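Each of the next two complexes has chain A plus one other chain: chain B in the first, chain C in the second.
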Partner chain A sequence: MKEFARWMVSIDRRIIFLLIALATLLPLLHPFGLPIKVSPEVRGVYDYIESLPEGSVFLLSLDFDPSSKPELEPQAIALLRHAFRKQLRVIGMTHWLPGTGLADSIFSKVATEMKRESGKDYVFLGWSPGTGSLVISMGQDLYKAFPSDYAKKPTLGMPVLEGVRNLRDVTYLISLAAGNPGIEMWYVFGKDKYRFEMGGGSTGVMAPGLYPFLRSGQINGLIGGLQGAAEYETLIGQKGTAVAGMDAQSADHFVIIALVLLCNVFYFVLRGDKGRLA
Partner chain B sequence: MIFFKRQLPLLITGIMGVAFALQYYIPHPVSEEAITHISKWMQIISGFALVLGLASLFQVHAVKIKRQVPGWGYSVILYLAMLVTMAVGLFWSKGETTMNGAQTGFGWIYSYTMVPLQATMFSILAFFIASAAYRAFRARTREAAVLLVAAVIVMMGRVPLGQFLLPWTWDVTQWLLNVVNSAVRRAILIGVSMGAVALSLKIILGYERSYLGGGKDQ
Partner chain C sequence: MPEHLIPTQALIGAWVAVGLTLFIFSFLYKDNPLFKLGEHLYVGISVGYSVVVVWFTVFIRLVWQEIAKGNYEPLIPVVIGLLIWTRFVPKIAWLSRLAFAFVVGFGSGVAIPRTISSYILKQIEDTVNPLVTMTAGGISLNLDLANPQSGINTIVLLIGVVSVLFYFFFSVEHSGAGYVAARTGVYFLMIGFGAAFGYTVMSRMSLLIGRFGDLKTFSTADYNYATLILLVLTIVSLAVWEKTRRRGL
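Here is the complex of A and B:
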């Protein structure tokens, strides 16, 4: 038994890699489609957007780069679909320079799908340097911060921005963040001074760190990781890549749990052989 | 010279620090105009940081190639990738990712190399996390055992399969995240924020001078 335990503890890591690969691939090829439960955190964002009147100004800041695409792109797509369906005026931007092209493609893709027009129904402002100072600049005068949009069209006079002078005229802002600059930065430099309502979305790793902001009401909802995106897709009734990916994530979690439990069983079997443990 | 290297920066820092701490509480048009201008200046200065970063990256890797340190081949690849991307972006694509609805060469490099490469790098983490968890996540002490149990419950409660097999893990996960996790995170945040306030005061009052850099005049 001890020999087997010793062999298992020092198992070739490529076997673990293979198990994870299978746990990811098989559910993607043969999904088992379990129901998605919606958390109050995600419902907070959905309910607030649902309560907004037509024509309200919704700013979506896609603060991530391609490395977080699998988790945050489905969140962005679901939020945009919801906002466009509710006939909100959408302003898009990013604080992450490497994510600008990705953010632009997300906006273009969903706008085409929902038959929305750039400049009239939405505008993608792109990226500008400064992070915190950019937010202050937008809070003072949006047109000085972004004289033109990502497609180099002048922002002043755009129908989508009618009546919008600065961040005080934004009804709701959501930052989908993979780190800093992101939700905290938007709160500190933006919401605290310019008084708009704010929600957040983040990668699964970051989400637990944002719960104090949620509990204190500094953000009114939080979409966490792929699970959060799947919950939002369920709420809007339009399933996408997040719901499809949750089966793979379920299987991966179970493989990791099984590995951790096995490792502990072998650890207890070998507890006496301290010097011989790997 | 010491005035320009030491006293003047300290004076500017002190005055600007106090002025913009007060500005937050003064909604007068003059004060609002000042913050509008200063925020624009700050944006411009942040733009220069990009140029500095690029120059520094070029310099670090040039030294590695010149000295042929272990792994210098990767520096050559980095140089080539940067130069090719810059050349395609500046000369063939005029800095645009799309032109007349079609993707440019620069857009192609972004969409078909950078996006998949970054996503691949991040997704590889799942394999290493699984391997590391298998080898290192052991209940050696009571505290480690508590962490282990909490982690297993949260991992089950955050996925549909766990919620389906053990429905109670959903409620326990929500409680762990909203109560235990929030309390701990809040304590960390308050500690970090108080540290930031103390450091800001030290910088404004001139006690913390490391940002001025070294040198014999310091």
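Here is the complex of A and C:
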């Protein structure tokens, strides 16, 4: 047993990479359809959007870049589909400069799919510098902060922005964030001052740090990582890449848990052999 | 064009994406020239893209077009920004302090009150929730663990906050009752770190799933079997590189 344990703890790490690759790839090729349970955090966002009357102003800030695309793009797509289906007026923007092109393509893709028109049903404002200062500027005058949208069309007079002067006229805001600037910045400089309701979506890495904000009611819902996106896709009844990835996620977790348990077993077997490991 | 045919630019994009993904994944074998190529392209393209977007969004849209309209307000931040460059001219380097003073003064003034309100006051307010609630039927203590606002969770939260704070209180020796409190704080911290690490693993796996999902999509006939062809080419290139390297040694 000790020999086997010694051989296992000095195993080539590339074998572990291969195991993880197989655990990811096989469920993607042959999904086994594990059930997805919707958490109260994700339901909080869904229920609030569901309760909004037609024509409400919904601001979706895609605060991420392509490196977080696998987790946050499915969230953005699901939220946009929900908002367009509810006939909300959608304002899009990003605080992350390298994510501007990705954010624009997400808006264009979902708008085309849902037959929505730029300037009339939604507007993508793009990126502008300032982060916190930009939020304050938007809180004072949206048109000074963004005189034109991403397609260089003047924002003043756009039908989708009718009656919207600043952030006080936004009904609901969601920031999908991969870091800072993101949810916390929107809360600190936006919601706390201009009093709109706010929810959040984040990468899995960030989610535990946002729970204090959720608990205290500073945000009314949180979509965490790919799992959160899969839950939202389930809620809107339109399955996408997040639901497709859930089987692979479960298989990966199973392999990791098994490896952690095995490592602990080998550790206890070799506890007296300190210094003799390869 | 037939409906199923992928546009040329999307096809090229798919091949580039697959190639670069495989080049980066090749690092799992070992550091190699393909990985280096992918890494350098990533850095270069990110910076180049940022420079172009900043130029058009900030300088052209927010400064140049506004000045062209007769609005000279943007010249104030432009001048303040230019003052930072005086750092490179020793004789007038002191002028840069004006710009830094503005940045620090404005930043602190804006951030401090908002941060105190959001991070401290709101969080303290939530930490001292009432333990019992007065209802029509009298006083009640909610023991539902699933409800974050229940009385039992208020107790857990209070013990957690106090014990963790006590753990970081180094002026008193952690012995006796103090040891129990500090030790409790350690357990709360470990649970917190465990949850954070679990989420991190989930997040990293999600990124891998995302890349694999794309590789799967681009492996079909619609994309001319980009994944399969480039996978074979990458493996052959790595084998040739390894053979050449070993011969060189």
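Some observations on this one:
Here, the second predicted complex is superposed on the first by the 276 of 278 C-alpha atoms of A that agree within 3 Å, B and C clash if a C-alpha of one lies under 4 Å from a C-alpha of the other, contacts with A are read in each partner's own complex, and residues count from 1 in each chain.
The criterion applied here is as follows: contacts are C-beta pairs under 8 Å (C-beta built on N, C-alpha and C of every residue); 3 or more make two chains touch, one makes a residue touch a chain.
Given the structure is predicted, the values throughout are model-derived calculations rather than measurements.
Of the two partner chains, chain B is the only one that A:D104 touches; chain C does not reach it. When the shared chain is aligned, no partner comes close enough to touch A:S118: not chain B, not chain C. Look at A:G245: by the touch rule set out above, it reaches chain C but stays clear of chain B.
By the touch criterion defined above, A:G209 reaches both chain B and chain C. Of the two partner chains, chain B and chain C are each touched by A:S133. When the two structures are aligned on the shared chain, A:P147 is found in touch with chain C, with no touch to chain B. Look at A:T234: by the touch rule set out above, it reaches neither chain B nor chain C.
Residue contacts after overlaying the shared chain place A:S61 against neither chain B nor chain C. After overlaying the two complexes on the shared chain, residue contacts for A:I36 are found with chain B alone; chain C is out of touch.
Common to the chain B-facing and chain C-facing surfaces of chain A are residues 17, 20-21, 24, 67-70, 97-98, 101, 128-129, 133, 136, 193, 204, 208-209, 212, 215, 225, 227, 249, 252-253, 256.
Those residues of chain B whose C-beta lies close enough to touch chain A in the complex are 24, 32, 35-36, 38-40, 42-44, 46-47, 49-50, 97, 107, 110-111, 114-119, 121-123, 126-127, 129-131, 133-135, 137-140, 148, 151-152, 155-156, 158-164, 170, 174, 177-178, 181-182, 185-186, 189. Contact residues of chain A toward chain C in the complex are 14, 17, 20-21, 24-25, 28-29, 67-71, 97-98, 100-101, 126-129, 132-133, 136, 147-148, 152, 184, 187-189, 192-193, 203-205, 207-209, 212, 215-218, 224-227, 241, 244-245, 248-249, 252-253, 256. Interface residues of chain A, counted against chain B in their complex, comprise 9, 11, 13, 16-17, 19-21, 24, 34-37, 39-40, 65-70, 97-98, 101-102, 104-105, 128-131, 133-134, 136-137, 140-141, 144-145, 193, 204, 208-209, 211-212, 214-215, 225, 227, 246-247, 249-257, 259-264, 267, 278. Across the complex, chain A is touched by residues 28-29, 46, 49-50, 53-54, 57-58, 61-62, 65-66, 106, 110-111, 114-115, 117-119, 122-123, 125-126, 148, 192, 195-196, 199-203, 205-213, 216 of chain C.
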